[in-house]
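Have a look at the structure below, then the notes.
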Amino acid sequence: MLKNNIETFLECDKEYNEAEIVLFGAPFDSTTSFRPGTRFGSSAVRHESYGLESYSPYQDKDLRDCKIMDSGDLELSFGNTKSALTDIYHRTALILKDKKLPFMVGGEHLVTLGAFRAVWEQYPEVCIIHFDAHADLREEYLDAKLSHACVLRRCWEMTGDGKIHQFGIRSGDRDEFYWAKEHVKMQKFSFDGLEEALEELKGKPVYFTVDLDVMDPSVFPGTGTPEPGGVSFDELRRAATSVCEKANVVGCDVNELSPHYDQSGASTAAAGKIIREMLLALSKK
Amino acid sequence: MLKNNIETFLECDKEYNEAEIVLFGAPFDSTTSFRPGTRFGSSAVRHESYGLESYSPYQDKDLRDCKIMDSGDLELSFGNTKSALTDIYHRTALILKDKKLPFMVGGEHLVTLGAFRAVWEQYPEVCIIHFDAHADLREEYLDAKLSHACVLRRCWEMTGDGKIHQFGIRSGDRDEFYWAKEHVKMQKFSFDGLEEALEELKGKPVYFTVDLDVMDPSVFPGTGTPEPGGVSFDELRRAATSVCEKANVVGCDVNELSPHYDQSGASTAAAGKIIREMLLALSKK
Amino acid sequence: MLKNNIETFLECDKEYNEAEIVLFGAPFDSTTSFRPGTRFGSSAVRHESYGLESYSPYQDKDLRDCKIMDSGDLELSFGNTKSALTDIYHRTALILKDKKLPFMVGGEHLVTLGAFRAVWEQYPEVCIIHFDAHADLREEYLDAKLSHACVLRRCWEMTGDGKIHQFGIRSGDRDEFYWAKEHVKMQKFSFDGLEEALEELKGKPVYFTVDLDVMDPSVFPGTGTPEPGGVSFDELRRAATSVCEKANVVGCDVNELSPHYDQSGASTAAAGKIIREMLLALSKK
Amino acid sequence: MLKNNIETFLECDKEYNEAEIVLFGAPFDSTTSFRPGTRFGSSAVRHESYGLESYSPYQDKDLRDCKIMDSGDLELSFGNTKSALTDIYHRTALILKDKKLPFMVGGEHLVTLGAFRAVWEQYPEVCIIHFDAHADLREEYLDAKLSHACVLRRCWEMTGDGKIHQFGIRSGDRDEFYWAKEHVKMQKFSFDGLEEALEELKGKPVYFTVDLDVMDPSVFPGTGTPEPGGVSFDELRRAATSVCEKANVVGCDVNELSPHYDQSGASTAAAGKIIREMLLALSKK
Amino acid sequence: MLKNNIETFLECDKEYNEAEIVLFGAPFDSTTSFRPGTRFGSSAVRHESYGLESYSPYQDKDLRDCKIMDSGDLELSFGNTKSALTDIYHRTALILKDKKLPFMVGGEHLVTLGAFRAVWEQYPEVCIIHFDAHADLREEYLDAKLSHACVLRRCWEMTGDGKIHQFGIRSGDRDEFYWAKEHVKMQKFSFDGLEEALEELKGKPVYFTVDLDVMDPSVFPGTGTPEPGGVSFDELRRAATSVCEKANVVGCDVNELSPHYDQSGASTAAAGKIIREMLLALSKK
Amino acid sequence: MLKNNIETFLECDKEYNEAEIVLFGAPFDSTTSFRPGTRFGSSAVRHESYGLESYSPYQDKDLRDCKIMDSGDLELSFGNTKSALTDIYHRTALILKDKKLPFMVGGEHLVTLGAFRAVWEQYPEVCIIHFDAHADLREEYLDAKLSHACVLRRCWEMTGDGKIHQFGIRSGDRDEFYWAKEHVKMQKFSFDGLEEALEELKGKPVYFTVDLDVMDPSVFPGTGTPEPGGVSFDELRRAATSVCEKANVVGCDVNELSPHYDQSGASTAAAGKIIREMLLALSKK
């Protein structure tokens, strides 16, 4: 008997009950100030994963062997930011409650706020590892506090000082960089110091949020605000794998793919491979 | 002495004091549910107007002879719908207070709500002529009442029954079409009956709102939700000219150009020519 | 408990057992001689149907009320034409065996051959109604008999003379047009004579195959071989609705959407609306 | 023995000696003021003609039976307008000297000036039939007399009053339209009056220049300055065929395809089919 | 007297008799499983070579001084894989018979099989140097043995173990990587060990096949299956030059350019420069 | 009271009187021989600067603190090269006369000639630092001496031998490279030797001209003639900053952005950031 059409990210087709990691998409970009389009990110990465292999020659591991479920995209309200964040919060909380690892694919970076709130409620001591081109530390942006440009500032209001570790930052206004010196640990331009941070965080719960625009636009042009001068794919791949292998990741997200800005599909492929490598590294535990 | 760089729509470079019509852009698309991008509409139509002539062989009139000012784009908050609508309301109210005609270029169709509210406060008897592919009459959409899909419903809450005249409608859910029968005057698919409506509205204040997707996607593919089966450019040009010549238009807007979806520039050119013809027809008075 | 991600065409989410019509995609374009890409047609039309309404103001009917199931895309072999056609044949035969109507979405036009063979085996008297820009009547093309350019010729080998009714044809080589005079009923350029043909075919089993490039490239540029001079969207909509309402359709297909050639999405929207109107008209029975 | 790679427009592969019509490309766009790119027009139409048929069901004729040669593209100087026009002049004069019909494919419309000068020297009584969206009658444009926007004005300096018949014009500045009333015969917006003009010109030598932007951007978006409100493909096809069948055409050109602005290829296909129909109609004599 | 239009790759316009190297295009992509389009590769690289210089500052050599002929593209059957491979085989065998070096430009990677078979028949001891992102070592793929994903496996059936040297491989399924350990020499991710391999192969006949997707998608997005994490242009340029200078290359090919996926033209330029450098290096002998 | 719409590059909105640096655009590309489009460069970089920050974390400086004015784009004659260069000359001379630094944004590289002539008249001893992929040293190109491919040769006619320092050159014909050995200082492929050159030029007046295609097409595909093998964004950023900090720059330009060839916007962003870093480094004095 024929079945309804099921689409999942690359072999992540396990049933919920047996899954250890649960993916979901958060297609939201209402607060994007420059160029929208990240709402198409999660479905593009799922759809185009058909062109990727489930096996990684980097880690010699295969997603077929992993207990991962893709639960599809949330249907979020455009133009009602609070409602969208609440829906994300509930999905994340549900997955955590069932002792599974939530893995969210954005969407603009603001979606992190919904997921992180659920994680923080369960793990009040949680730290954040944040890869990004942008600091995202504004108090307010264009008359909105719930904005992609403020998302780490909102997270900081939960964690307090010293819990957020930023890497690769190369853009922001002056105030953000000066504020950061007092309140977070920021590594500009690169992943230098990541291994030391992982050593320091050993055993502690970590939320890992990856804004893919940390990569250089040469390899990842498909994003809303391209910022030349970023890291290479291999630098991100190695750094993200390292976090997933060594840290006690209790929640994570990957965001800011805006696939329409790169009609070659290379950006979507890069996003897909980063997600694959992260999933494989997380699955080892 | 050199001057700062000024950009205006096609010869609409008069000073505010002498202007009879005042254009402004409302670059907002946060509630767009399918494909965003209308935020780029107003600046594209301004920028690309360089390729158009200010003279219309249809009306044998020239924008150089008209008293029109382009006051640029508002800077609106993405992700904070209420704040954006308030800013639009204030700009419109200011122009009305100074006895000038406000002409807004969107942006998504929700921006009409901010402008219409200011018009309605000044002209409580105002009627609406609405050209669109979509009915936009939903009570609520995706958990939001302030949504492009609800904008005429929100206007109806101000005007009451029988004041909204819709033309060209060819898409919506069943409830909208059934609700419309009771509360508004809807002409499906075409402009049939427009001249009769104009006769009926003679002398009354009219707000005129044009969703450019009333045109067929063949001539206007650059929009968020293309709906095959629409009117031609010439049909829209004639109908819009007729409204501007014959009705007592006290405010108007043109919206839903999403220029990135049509890299040929033909959609932006079509929008620009419709705006030119409307301005010329409005200027005659 | 969360479910795996299901994607279907516009509300066609019924279970197989209750469905009267069963959609499936045939993503194949290996014999396309000019520009490939129709392999992306069926998944694009499914994916982008999110932007369409399930309700038709043309027919005042809603897909929510119809018993239709979307069984997803077949996984076909590229470069092995026979194997691909066999897979299509089996899917069609299965649906027919279960007394349901097969509705295939291509893919290049050659896919019709697999589906039609199954239909013809069950209904040896079946006639064909064929909408297309191209005659597709070649004996052989580029050293291949199993080619999109030969597909109706292959069908004719089953039906024999006088059973194939072609409409809208405006391209082919001289031999095809001359051969057609002897063996099929061809209406060049338009749908003239369609109502008479439907009258003539009343009660007989009909296979209905729609090559979307029968539409003019202005409204449907997203196809492999654009042929200016075609019919409008409304002409096709009315003609296709008429066939589905009046003929005894026992199988049908819609093909040759190549979505990447139209980045505006208007072609995909046109394909989706034609499919919607056909499904609604077929469902009435 | 293998041969070097030869590329010609659709079966126009006869040797020069036997040819009655000689095509050549004039890839020049240096004076284009809005959006350049017509330099790619002639090679695109040649290259993409692979997707067209040489047989026309409209005329029931085949280019295989015609004595036509494609002599390729001239290599013109960008930035040296005079030099480019001189090269075009010499190529045209050579073809005329050998009693063949020159058929030029642009490039921007200014290229007409080089070809027409050669034709006018040989036929001082020559009239012009001009299809275009734009009047091209300016005395000077952006500090240049040799500009696409002035090309028919420059031709008028040779022909004198009353020899230029314009059709389809829908854009220009006011002065052009007023000047035209005195000096040329202009039909705005349509081909109305064409048959009468052909009757009047019977037997006289005619230069036929087709700016493809006379077509509506819906069917021909691939041009530098899209002007909504134009004629359909079928209107142009019929009008151009009529001129080529009924007038004594002694030289002609087709220009202003800018293929990069239409990635669907539909504009290039439209240009190719218009050229095919013109060549077939011209070949009948 | 005017000549028919000849198009060749960058100065490769010698007559067949005097040529030492003979280029030909193999525009075939019927078995491509993810995104087709490499059929346009050879003609794009020829057409766009107009933008390249024939002189290489890397090698201080000029293609004008080389005896190279471009014999154009084969006309291959889409959808009939065997027929296409046979045509490629015959073209290659003809060039070899005349003691010239065949240099094929794809097309998808499967075209290598036709050319290699001809080379292997003449040089049964031939080894292969293979640059690629993908291992292409599958026994069967999507029900086809003649697939791009199996092409090196098919070659191995001729050469036997240890004759195939792969470099840059970063994608494949697990079985391919494990099978490779037994049967071929695979260098993952980079060109490490290339100089040693060239030393080992000194004097032996070598077939050199370059899948351009060995380059990172940042510099070469124009390909069917982008695989982030590849080598840079300069790494490939140096490695390919080295093979052509130091090995006894008796046949070679460059494939997998899919130009439509990179509208900037940078991928086509990269392909053209790699081919130029290879031709210059091969010509020295 | 509302004001006309003003658009400037990133905070460069000072009045002319107070400005120390004056930007202007030179939108000209008439002599471009391969692919035109740089005419859109200056307005694109201005328009898209909305997506950049005015603060640089590299230099810890902010454009808000700098005295810079953007005076908009010149309106140049397409097709009349001399007239265009004269207009550029006059704008540059005016700015120099008022003791301000002219900063021109192209346009094609030929525009440098107009600006440099004005600078050279005021500083006859001026040297040139030239970053480019192409040597631009031809005596003549396609029958034109005023061509982008000859611009540095024309400058050399003013400066004489040994005054032009070229970096990053990787393309040209053989004659250019041989001629360069006698007359200019050329560093192929890289910025090696830049610091030594800056040391040598200390205190002397320097004109600094940056052809952005010196960057690799991976990070800067949006240019007319992509040349793989270039420098990275960070290499250019560091080198350009170094020149602006250490040399006595009396005039400069940045050119050859052709934004339409990179629809991701990454090239425009790269151009904008290079300009920002140059302005910040120049402002320090």
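All chains are identified by letter, namely A, B, C, D, E and F, in their written order; residue positions are counted from 1 within each chain.
By definition in this document, contacts are C-beta pairs under 8 Å (C-beta built on N, C-alpha and C of every residue); 3 or more make two chains touch, one makes a residue touch a chain.
Computed from a predicted structure; not experimentally measured.
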Required minimum of steps from chain A to chain E, each step between chains that touch: 1
Taking each chain's C-alpha mean as its centre, the one farthest from chain F: C
Pair in A-E, D-F or E-F that repeats A-B, with over half of contact pairs matching by residue number: D-F
Chain A and chain F: spacing of chain centres that average the CA atoms, whole Å: 38
Set of chain B residues in contact with two or more other chains: 216, 218-219, 262-263
Every chain pair in contact, whichever chains are involved: A-B, A-C, A-E, A-F, B-C, B-D, B-F, C-D, C-E, D-E, D-F, E-F
Complex contacts: residues of chain E adjacent to chain A: 34-35, 169-174, 177, 188-189, 216-219, 221-222, 225-229, 261-263
For the chain B and chain D complex, residues of the former touching the latter: 50-55, 57, 60, 62, 216, 218-219, 233-234, 237, 262-266, 269-270, 273
Chain F partner contacts - residues on chain B that touch it in the complex: 1-8, 13, 15-17, 22, 24, 43, 46-47, 69-73, 94-95, 263
In the complex, chain B residues that touch chain A: 29-33, 36-37, 39, 75-81, 83, 110, 142-144, 146-147, 260
